[in-house]
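Below: a set of structures, written as C-alpha cells.
Next, two complexes with chain A in common: one pairs it with chain B, the other with chain C.
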Partner chain A sequence: MGFYKFLLSRAITFVLVVFIGITTVFFVPRFLPSDPVEAMIGRMTSKSAFMEPGAVESMRKTLNESFGLQGTIVQQYFGFIKRVVFTHDFGPSLANYPTPVNELIGRALPWTMGLLLISTLISWLIGNAIGLLSGFRKEKAYSKVLEAISIALYPIPYYIFALILIMLFAYIIPIFPLSANFMGKGFSWEHIKSLLVNSALPALSIILVGTGWWVISMKTLSSGIAEEDYVHFARLKGLKERKIMTKYVLPNAALPQVTMLALQLGSIFNGALITEYLFGYPGIGTLIFGAILQSDYNLIMGTITISIIAVAGATFIIDFLYPFLDPRVRYK
Partner chain B sequence: MKNWNFRLKTGVFILGIFLILGFILPLFHPGNPTEWGTYPKNLKPSSAHFFGTTNLGQDTFWLLAKSVQNSFIIGIVVAFFATVIGALLGLLAGFKGGFLDRAITLLTDSFIVIPSLPILILLGSLMKGRASLFYIALVLIIFNWPWPARQLRSMALSLSEREFINTAVFSGESTMKIIVKEIFPYVAGWSVANFVNTILVAIGSESGLAVIGMSSNEKATLGTMIYWANQHQAMLAGRWWWIGSPVIAIVLIFIALFLTMTGYQQYSALRRGK
Partner chain C sequence: MRKKQGFISLVLALMLLMSACSEEASNTQEPASTDSDKPTASAAATAANTVGGGKMTDVGTPRNQTLIVDILSGKTADPDLVNPYVPGAVPMDAGFHQLIFSSLWEINTEKGEQIPDLAATFPEPLDNTNTKFKFKLQEGLAWSDGVEFTADDVVYTSDMIIKTKELGYSGYYASLVKSMKALDKYTIEVETVNPETRLAQKLGVVIWGTAFRVMPKHIWEKEDPTKFKFKDPVGLGPYTLKSRDPQGNWFLYEKRKDWQKSDIGKIVGEPGAQYILFKFFGPEEKRIIASIQHEMDILQDITPESWDVLRQKNKTALAWYENFPYADMNDPCERGMSFNASKAPYNNEDVRWAMALMTDIKNVSLATFGGMLRVSPIQLPPISVLQEKYHKPMVGWLKDFQLSDGYKPFDESYATDMVEMLKQQGIKGLPTDTKEAVNTFGVGWYKYDPAQAGKLLEKAGFKKQGDKWLKPDGTPWKVTINAPANFEVQSMRLAFAVADSWKKNGIDANVQQMDGATFWDSESTGAFEVGSYWPACGLLPDSTANFQGWHKQYIVDNGKQAPGNRNRWANDKVSSLIDELAGMQSSDPKVISHITEINKEFVKGMPFIPMFGTSKFVPVDTYYWTGFQTSKNAFEGPWWWWSQFKYYTPHFKPTGK
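Our next item is the complex of A and B:
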C-alpha cells in the first residue's frame, strides 16, 4: 500500500474519532434533565429582585441563541458542527462575557501543551535509558532496585502523586509554593524564574510516574532483544558491551516505545488536567474546572472539544511519523 | 498457592488486608461513618480514634473503611461488566469478521483515543457532584470495555484459524456457543488479568473525578475523602491523618492490584509452559 493511501486511511480515522468525540460532547448534555438556559435564568431571577416577563423572555431568546439551542435537535447539531468545523467558533464565554471561548483556550493551551510535552519527553528519555540499562544487565543489583522503584511508582495516578509531592515539598519541606503564583511578564528573569518554580512540582509528578511506566516496558523489550541471535553474534565478534547496547539493542527496543508514547498521551493528558487543578496551574485543566463551577457551557464544550482534537491529533502525527523511524514498517 | 510468585503473593496479601478493612471490619462498627458531627472535630490519632477525626466530626478510620468498601465495589462492578462486554464484542468481531468487525473496531479505536476524563467531567458536571455511584459506574463501564475488546479481537482472529474451531463451525454450533464454549477458555487467563487491571483503572478514574468534586460527594469513596479534606484545607491546617490516610490507601491498593495483575500473568504463563 502506498504512502498516500496510508495517509488517507489514517486521516479518515482521525476525522472519525474527532467526529465521534464532538458528537458525544454535543449529545451528552442533552440527554440529561437539566436545562442550562432555565438554570441560568433561575439563578439570575433569584439574585435580582424582580424582572419583567418580557425581559425574561428576551433573555431566554438571547441565551438560547448563544448556546446554539434554537431549532430542532438535528438543526442544533448541524449548527454546532458547522460552527466548530468551519468557523472554529465556540461562541462567547458566559462567565467572562464577552471574551470569546477561543481566546480563553488560546491563552491556556500553551501552558498545558508546554507542561505536557516537556515532562512527557523527559520521562520518556529517562525511563528508556534506565529501562535499557536494567534490561541489558538484568542480573545486576541496581537493575532490580530500579525495577522495584518503578513498579511502586507506575500504578499511582498522576494526581495522587501530585498530592504526595505537595505534602512533601510545599507543606513538610516548604521549598515550592502550594499553588501557582506568577510574577513578572515576558522574557524578564523574574518571570522565567517564577515559571520554573511554579511548574516544577506539576512537572515532577508527571515525570516520576511516567518514568516508572517507561522503565517497565523498556526493560521487558530490551531483555528480550538481548537474547536474540544477532546480539550473541555481536558478542562473539568481540564488540564492546556498550556498543552492543547502544547499536544493537537500543534501536530495536526503542521503536515500540514510540508507538506507546502516542497511546500513553491520552492518559497523561487526563492526569495532567487534575494535576493542573491541584496546583492551580493556568492550563486547560484549570480552565475546565472554572467553566464547570460557573456552568459556562460554551467554555466547557470548547475546552473538551479542544482536548479531544489535541490528543487525537498527537496520536495521528506519531502514527504517521513511525514508518520514518522504522525502515521495516511500510505504510500499511 | 505453592507455585505463586513473589509479586502475586505480595499483591494478594496487601489486597486481602484492604478487603478485610473494607468489607469485614465495618460489620463490627455500628453507626454511619459518613455522618457529620458524630465525634469532636480534629482529634489527633489516638487509641479511641486510630486515625483521628475529621474537621466534619467523622472518625477517619471508619470513614476510610467505608471508602475502601465503596471504591472496591465500584472497581469490581466496572471491571466485571467492562471485561464481559469487551470480551463478547471483541471475540464476536474477531470471529465473525466483515462489517460487524469493522464497526466494532472503529468504535473501540475511537473510545481508546478520546480522552475519557474530559467527557467524564462533563457528565459529572451535569450532575453537580450528586451523581449516584451506580451512574458513575455505568459511565466508567462505557469507557473501559474497549481495551479488552481490542485485545481479545486479535486473539480471536488467530484462534479462529485453528482446526477445532472449524470442526465446531461445520458441526453446526451457533456463533455464541462457539465463542463462549470453545474460544473463551483460551482467553480466560488474559481476561482475569484485564479484570484486575480494570479494577485499578476504575478506582483511579472515580477517585480522579471525586478529587475535583465531580463524583458522588455525599458517598464515601477514597476520592471523595480527598475532596472533603482538600475542601477543608486539611493540608494547610496540618491535619495530615485526614488527607494522608486516603492518599496512602490509594497508593497501596494500586501497587497491590498492579502486583497481582503482573504476578498472575507470570503465573499463568508458567502454567501454560507445563
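Our next item is the complex of A and C:
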C-alpha cells in the first residue's frame, strides 16, 4: 500500500509540474517586448516595396486572425490548453505559417535524439568508467593523467570545443565537411556514410566535454566509497580488487550518476542549441533558436512543452525506479 | 588505434540508427521535380564523372558547372513551403525570386529605373481619372512546365489574392487593385481602388523584390491558396528547382532546357551556369572558410574584418572596388539615429540638432566600418543615382542652411578629410581628386562642434554639471539607443560608435541590443528614444513611396502599432508636399523639386540623423566563375539576394577549372 501511495504522490507531482510548466510557457513569450505579427510585418516591409499604412493595418489584422492571436489572453490560454491536452496540437508555426508546429518538431526531434542520446550515453559510459578507475585506483599514474585530462576538458564550453573542431578538421585538416549535408536515403550506404561524416564533429564536441564532467563526478563518488569500512573489510577478506571495484564500489557510486543521466536524457529535448547552430545540424536546438528570434509563440510553446514533459517524465521514472535500485529508500 | 576506430564506428553507427529512423532522412535528396524525364542530381553527377571526372559538389553536380551562392536569410525550417503568398514561406532570397518567380516590372539599380519584365509595357492610363490602365505582356513566354504564359495567369493571380483574405498580402492588394481583366491574350486592363499614378512601382520591383508574383493558373486553380505548399514550383524564370535539402540548408536549381521561353532568355540571353546552388553554410566564420576553400562563389554581406581575412587567404576573391573601400555603397537604405519625436527631450529639434553636432562623424565612420562608408546629410541614401539627383544639387542649399541662431552646420570637407585620415593610416588606393573623393565618401556632413551643440542644449534648458549634461528638470541626461543584436551589423556597430561620441560630450548614452522581433516591435510601438534604425530608403529618383509613411495622418500614440511615421514627427509642409506628390506622374519634373523640398524640411527638423549609406561587403570568388559585376563592370548592383539576380545569370562564365 505504501508503494502505491508513494507512486500516487509522485504522479500528482508530475501532473502539477507539467501543468505549471506549460502555463508558464504560454504566458512568458506573451510578456516579451515583441510581437510575431509585428516582426513579420517588419520583415516584409523592410524588404519589399512601400505599403500604404492602411494596407499594413489590414495585413496586421489578417495575420492576427490567421495566427489565432485575436481574443483576450485568457481566451487564448484556454484554447491552447484545450488543444494541447485533447488534441496534442500546438497549432501552426507563426514564423513558418501554415506549417504545423508538430510537423516541424517531428522533423527535428529524431536528429536531436540521434545526436544527443548517443553522445550523452557514450560520454556517460566512458566518463564513469574512467572516473571509477581514477577514484578507486587514485595512486596509479594513469589515473592521475586521466583525471588531469578531464579537469582540462570539463571547463571548456562545448561551443568553443565545436569551433576548435571546425577549425581543425574542416579548415586546417579538411577531412570533415564545413556544414552538415545529409545525402541519400534510409539505410543506403550513401546515407550511412553521410550521417557518419556529418555527425562526427558535433558528437565529438559533446562527448569530449560531457565525459570530463562524468569523470570528475564519478571520481569524487568512488574515491569516497573506496574509503568506506565495508570496502576495507572486503579487502581484508581477500577479495580481488576488480571484484571490490565492480561489486562494492560501482553499485553505490552509480546511483547518483543514474539519476543525473536520467535528467540529462530528459533535457536532450532542448537540443544542443549552439552545437546544432554551429554545425548546421537540423535538430530541436536550431528550431528553438529560430523560434525565439522570431517570437514564434506556438513553436516556443511546442518545443518547451515537450522538454518539460520529458524532464518531468524522467524525474517521475527515476522516482519510480529508485526504490528498486536502492533498498534504503524502498517504501519510505 | 584500431580499437579506437572500431569504437568510434560503433558510436556513429548507433547515431545513424537513431537518425535513420527519421522520416526526413528517408526523404533526403529527393528530387523536387515530378518530371521523371529529368535526371536526378546523382545521375548528373554520374554523367559528369563519366565525361570529365572533374570535382563534384556535395549535392552531386559538377563543380565547374555549378555556381554556389550564399543564402542571406539562412536556413529554413520548412523547405517545402514555397507558396510565396503564405507568411511563412521559404525566404524568397534562397533562390526562388532570383531564379524561378518573376515580376511584371523589375528595376535596373544602376540606372535607377524600372524595366518591363513579364510586362512588355508600362501601365498606360485609359482616361484622366488615373484609375484605369492597360498594359501589354511579353509574348512567347512559357511556364517551366511548358504551358504558355498569358494574361489569364495575371488575372487569375490578381483575383486569387483579392478573394483570399487569409493571405497576408490580400489586405494591401485589395486596397490597391479593384479588378484586372484580360482584354486579349496579352493585354490586361487594371482598375484601381483610388487614383494611382505609380502602379508599376506598387506592383513591380523597386528595391528587393515585390509581393505581387504571377502564379500559373493551370496549377493554382486546382488548389487552396492558403494551404498549397507549391512544393514543386513552376515559374517563368530561367531555372527550375532540381532538388533541395530536407533540412533547409540548400536549394539546387537547374537551367531550363527551354530557357529561351523564360523572361531572362527573352530579355537578356542564355544563363551561363547549368546549375546554381544556393547554400547556407552557417555562421560567418564558416562562410569565410567556404570561400577560402573555393566552396562558395558568391558571399552575401560579411564584415570588413572578414573581408580582410578573405582577401589575404583567397587570391581569387574579388570585392566591388579593387581597392579601398572595397564594399559596394549603393544599398538603398541609409543608416543613422532615429528619434521618437513625441518624447521629451527629443521632441525639441534643437536637442536633435545638438546630438547631430556632438557626433564626430569621421571617427564614427572609422569605428563602424574602418572608414568604408559614404556619408549622407539628407533623408535619401547616397547611392550613385540619388547622389546625382539630390545630394550634389543640394550642396549649395546645405552650405547656406542656418540653424535658428544663424549657425551654418554643413561641412563640405568630409570626403577630402577622410582621404587624409585614411592616408595617415597607411591605406593605399584612395581617391586622388576631390570629385572622386566625393563620389566615394559623399558630399559632406555636419560639423563636429560640441560648443555649438552646448549652446543649443542650453537654449533648450539643459545645464552642464562638470562634464555631464543635466536635463531641464535637473536629472542626468541618459540616452538608450536601440540597436539590432544579431543582424544588420552596420547598424549595430554604428550605435556603439555614436554612443561613444555622445558619451565623450557629456551624454550618458547606452546601447540596447535587441533581437529582430523586439527591435522592430519597439520601433513601431514607439518604445524607443533613439534607435539605430533606417527609415530612409530609395533607389528611384521618384522616391515618393518612401516618404508617404511620414505623413502626419499616420501618427498614433506611443504604445500603439504605428501604421507609418514611426518617429511620430509631425510636419505640415512635409504632409502637404506628400499629398501633392500623390497626384503627380513619376515623370513630372515637379517630383524631384517636391522631394528636394521635403528633404530640406527633414534637415531643418532632423527627426532622423542620416549618417551613412549602407556599405555591403559582397565578395565573389573568381576561381570557378567569371562575369561578376564590379565597380568597373557595373551592369547591376551586386544585390545577390534581390530578384534582379536573374539578370546577372547570362554574364556568368566558367573558368574551365
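Keep in mind that, in the parts below, the second predicted complex is superposed on the first by the 271 of 332 C-alpha atoms of A that agree within 3 Å, B and C clash if a C-alpha of one lies under 4 Å from a C-alpha of the other, contacts with A are read in each partner's own complex, and residues count from 1 in each chain.
As a working rule, contacts are C-beta pairs under 8 Å (C-beta built on N, C-alpha and C of every residue); 3 or more make two chains touch, one makes a residue touch a chain.
What you see is a predicted model; the values in this text were computed from it and never measured.
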Touching partner for A:Y77 - first (chain B), second (chain C), both, neither: neither
Which superposed partner A:P282 touches (first chain B, second chain C, both, neither): second
Dominant contact partner of chain A by residue count, chain C or chain B: C
Touching partner for A:F320 - first (chain B), second (chain C), both, neither: neither
Which of chain B and chain C A:A203 touches, first, second, both or neither: second
Touching partner for A:Y171 - first (chain B), second (chain C), both, neither: both
Touched partner set for A:K61, first chain B, second chain C, both or neither: second
Touched partner set for A:F6, first chain B, second chain C, both or neither: neither
Contacts on chain A seen with chain B and repeated with chain C across the two complexes: 32, 34, 163, 166, 171, 178, 277-278, 292, 295
Complex contacts: residues of chain A adjacent to chain C: 32-36, 38-44, 46-63, 65-66, 92-99, 103-104, 106-107, 110-111, 113-115, 117-119, 122, 163, 166, 170-171, 174, 177-187, 191-192, 194-196, 199-200, 203, 207, 277-280, 282, 286-287, 290, 292-295
In the complex, chain B residues that touch chain A: 106, 109-110, 112-119, 121-123, 125-127, 200, 204, 207-208, 211-212, 214, 226, 235-236, 240, 243-244, 247, 250-251, 254-255, 257-259, 262
Contacting residues of chain A [partner chain B, same complex]: 13, 16-17, 20-21, 24-25, 28-29, 32, 34, 151-152, 154-157, 159-160, 163-164, 166-167, 171, 178, 263, 266, 269-271, 273-274, 277-278, 288-289, 292, 295, 300, 303-304, 307-308, 311-312, 315
Interfacial residue positions of chain C with respect to chain A in the complex: 8-9, 11-30, 58-60, 75-78, 81, 86-88, 165-176, 201-202, 205-211, 226-227, 245-250, 279-283, 285-286, 289-290, 292-293, 295, 486, 515-525, 527, 545-546, 548-549, 554, 561-565
